[in-house]
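In what follows, a single structure is set out as structure tokens and then discussed.
Labels A, B and C are assigned to the chains in the order they are written; within every chain, residues are numbered from 1.
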Amino acid sequence: MTALRPSRVAGLGPMLIVALIAAALYWPLMLAANVGPAGRTLASGAELDCRTALACASQLRNPVVPAPAQLAQGFVRLSTPVTSPLALPYNVGVTAGETLLGLLLATVTGIGLALLLVASQAFERATLPWLVASQTVPVVAIAPMLAVLLGQYGVQGFLPKAIIAAYIAFFPVAVGMSRGLRSADPLHLDLMRTYHASSAQTYRLLRFPASLPHLFTALKVAVTSALVGSIVAEISTISFSGLGKMLAENSRASDTVALWVIMGYGAVLGVTLVALVNALERWVTPWSRR
Amino acid sequence: MTYTNPSPQVSPTLGEPPIVSIRDLQKVFPVPGGETVALKDANLSIQRGEFISLIGPSGCGKTTLLRLMADLEQPTGGELLIAGRPADEARRERQYGYVFQAPALMEWRTVLKNVLLPLEVMNVPGDRVARAREMLKLVGLEKFERNYPWQLSGGMQQRVSIARALAFDPPLLFMDEPFGALDEITREHLNLELLRLWRETGKTVIFVTHSIPEAVFLSTRVVVMTARPGRIEGVVDIDLPHPRSDDTREDPRFFTLATEIRELLKKGHA
Amino acid sequence: MTPARTLAARPGGTLLTAAALLIGVGGLLLAALTLPTPGEGTPPDARAWLAGILALLAVGAFGVRGAAQGESRAARTLPAAFTLLLAVLGTEALLRAYAVPAGLIPTPGRVLSALWTARSVLLQDTYTTFVLEALLGFLAGTVLGLALALLVVRFRFLERGLLPYAALFSSIPIVALAPVIVKAVGLDWPSKTVVVAVTVLFPVVVGAVRGLQSASRLHLDLMHTYAATPTQTFRDVRVPGALPFVFGALKVASTLALISAIVAEFFGTNGHGLGFRIQIEVGRFGLDVVWAAIVLASIAGIAFFALVSAAEARLLPRRS
């Protein structure tokens, strides 16, 4: 994200040009990708409004890469009516809600665990290696099973997805926060000692504020993981709404155009959530020079 | 010999116990595969109101001595009394303020809030903000109270950290090379300000430096230390008149004293 | 500066610790062996067993606490090892005491035996997911990412025009990307390799560019005074300065790679892969195989990370 900063305005020109080049390249690439399947469809004798493979490449029902017009149609089809529970805006909202609730849960438990880790050396030595190792482990792998398990115990609807999102997001928060709580400047710790400050005062006035940059770095990782977690949870359980449910449905129906549109929504949601955490960071840490 | 006017602060206060009293003080650090003798057989007695400089090459134990007095480090031998009590008791009674080599301001607090920090921690009664503002005025930074530390120059930051150390009005001030990282002009300016503060507040200052002119200019006595192992080589009385000014630096006596200290330092080096 | 820990010097402390660990581990092992496997034999009196198991766990935790005192090598490594041992044995005993059906939570013992009985399938899955998808995709993404980074650093235009997109793209959830790519490339493993390559690409580009630009002005000026050629400057200043950043990005990417491979498999495979195995077995309540797959995925994840760290240790000058 730093890359965006110094050139917010001046950099828009090159960004625009690159976008235009990408757009110009899109059409031939799309044709190249679709021409094979189009030829095969024609050969199979399907009813199509076009005669050559090249002409059909932009009109396939399930294209490898959809044509711009198809994407636009798909976007309108999936986005309207805007308030419908079957349309994407509502489902994006559901997933966003699950993710944010999950992130909140993850933050609370992560900070709690971090406090324990910092307070007790024995606890740290007993568990930290596993916490760190768990960060290199594909935790998503557990999500489908956790979803089933939670369902068995009657946790249903919104909550299990948020819990799975929290479960995936909580390790980076715990590790980041415990790193943060330890990151206090030794000079500041000495200073608090010369004031004969209590341990609670040292935490409140020094360790917590000093840990905030670390916490937010972790939260930026965590929010993306939480989003992946809630979508995977939606896929793995019987869900009636959410991006994951739409992905699973359209993946089964092989509706490529819909998958592309959903990807677009997912990208926007991902970028928005990270931007939200960034905004929160700027609000909570007004002293930071950027 | 020129006539020297003994400063009012050093007039021997009969009967009053020294504010710092050190006997055979020793500090040994365990290091991988042995130990470092950071301080050996240190003896020193400091009266209330003195301005003492500790001078010596780096690694001679100046910081260690200061940290021992501040109860940030435990001695491995000898005796150390601050205001007549053990160092940890003196710390709990908030007898001293400590200024580090780096300003060590908290970057999430504004200048004013940084000065407020000790008052908050110590739950000092009364109008704390007024007190903090007064301190900022003392160091000439009242216009910057809303700024964050990074918006200030190094010299200004160090002045804030001095204001912070003075805020809770401790009788004793420990300063560890506070101006070490500053340019010569700023440093001389802050030296003058520090002397003014010292005269106005009547505090006892223990000041670490490795600049001979700075030590001579500021102090009532200079403690010369040498390295390997760290020990006190000698103590030089600075009988230059008060108040001191830029003219003091031109005083022939200033050069005599500086030479005396230099000789002591060389002796320790040999 | 924490005050010196005095507990280490406590006389008899070591003996007490060893006894507590022995009682905790041994007791739990005994309990696990005594209790019948869920579904076989008569269900035991869960409450009484729970009290006993919790007591043993507490004794074990006390032992772990004792073992963590001091600064010795043992004090740093033993607590974690014993914690894992206690957790596994405790879980086994508790699941047996409550006769939790294997379709809900399998006991660690069952998972172990599933690892053995399904070994050929699981090893094939691990090979597909770890080697063919994650590792190959990681290599492809890294090579492509480094090449792109070089271009971006070389041409200022690309830095302004392309780099912001890299940062943007890296916040797209993999789950949304995967179905599209799987549909486009096909069900066989290469589609997952592509997903992995795409997810690895962006952090590597961003990290490498940041690293290549991190060269200090002073060092560049120094090379200038030597009249060094651009190639020399690049080799002697820019690349060494970039390596820590690149490895930072690669470590993140190694974790991402495995996650992406597994998630991508949720959207279609030809019947191989750990993600596929997990999904299919969850549906059939074969949770012992699911856990076995998770164990293998975890081992692969840690191995992957260790691999990158080892490469880093070899290539970066040691600092301390």
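Criterion: contacts are C-beta pairs under 8 Å (C-beta built on N, C-alpha and C of every residue); 3 or more make two chains touch, one makes a residue touch a chain.
A quick note: this is a predicted structure, and the numbers were derived from the prediction, not measured.
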Overall pattern in which the protein chains touch one another (line/ring/star/complete/other): line
Chain pair with the greatest number of C-beta contact pairs: A-C
Centroid spacing, where centroids are CA-atom means, of chain A and chain C in whole angstrom: 19
For chain A paired with chain B, centre-to-centre distance based on mean C-alpha positions, whole Å: 53
Residues of chain A touching at least two other chains: 190, 193
Residues of chain C whose C-beta touches two or more other chains: 1
For chain B, residues contacting two or more additional chains: 72
Chain B contact footprint on chain A (complex, rising order): 185, 187-188, 190-197, 201, 205-206, 209-210, 212, 285, 287, 289
Residues of chain C defined as touching chain A within the complex: 1, 64-65, 68-69, 75-76, 79-80, 82-84, 104-105, 157-169, 171-177, 179-180, 182-184, 206, 209-210, 254-255, 258-259, 262-263, 266-268, 274-275, 278-279, 282, 285, 287, 290-291, 293-294, 297-298, 301-302, 304-305
Residues of chain B defined as touching chain A within the complex: 70-72, 91-92, 94, 96-98, 100, 102, 104, 106-110, 117-118, 120-122, 148, 150, 168
Interfacial residue positions of chain A with respect to chain C in the complex: 1-4, 7, 10-11, 13-15, 17-18, 33, 64-65, 121-122, 125-130, 133-142, 144-145, 148-149, 152, 186, 189-190, 193, 224, 227-228, 231-232, 235-236, 243-244, 247, 250-251, 254, 256, 259-260, 262-263, 265-267, 269-271, 273-274
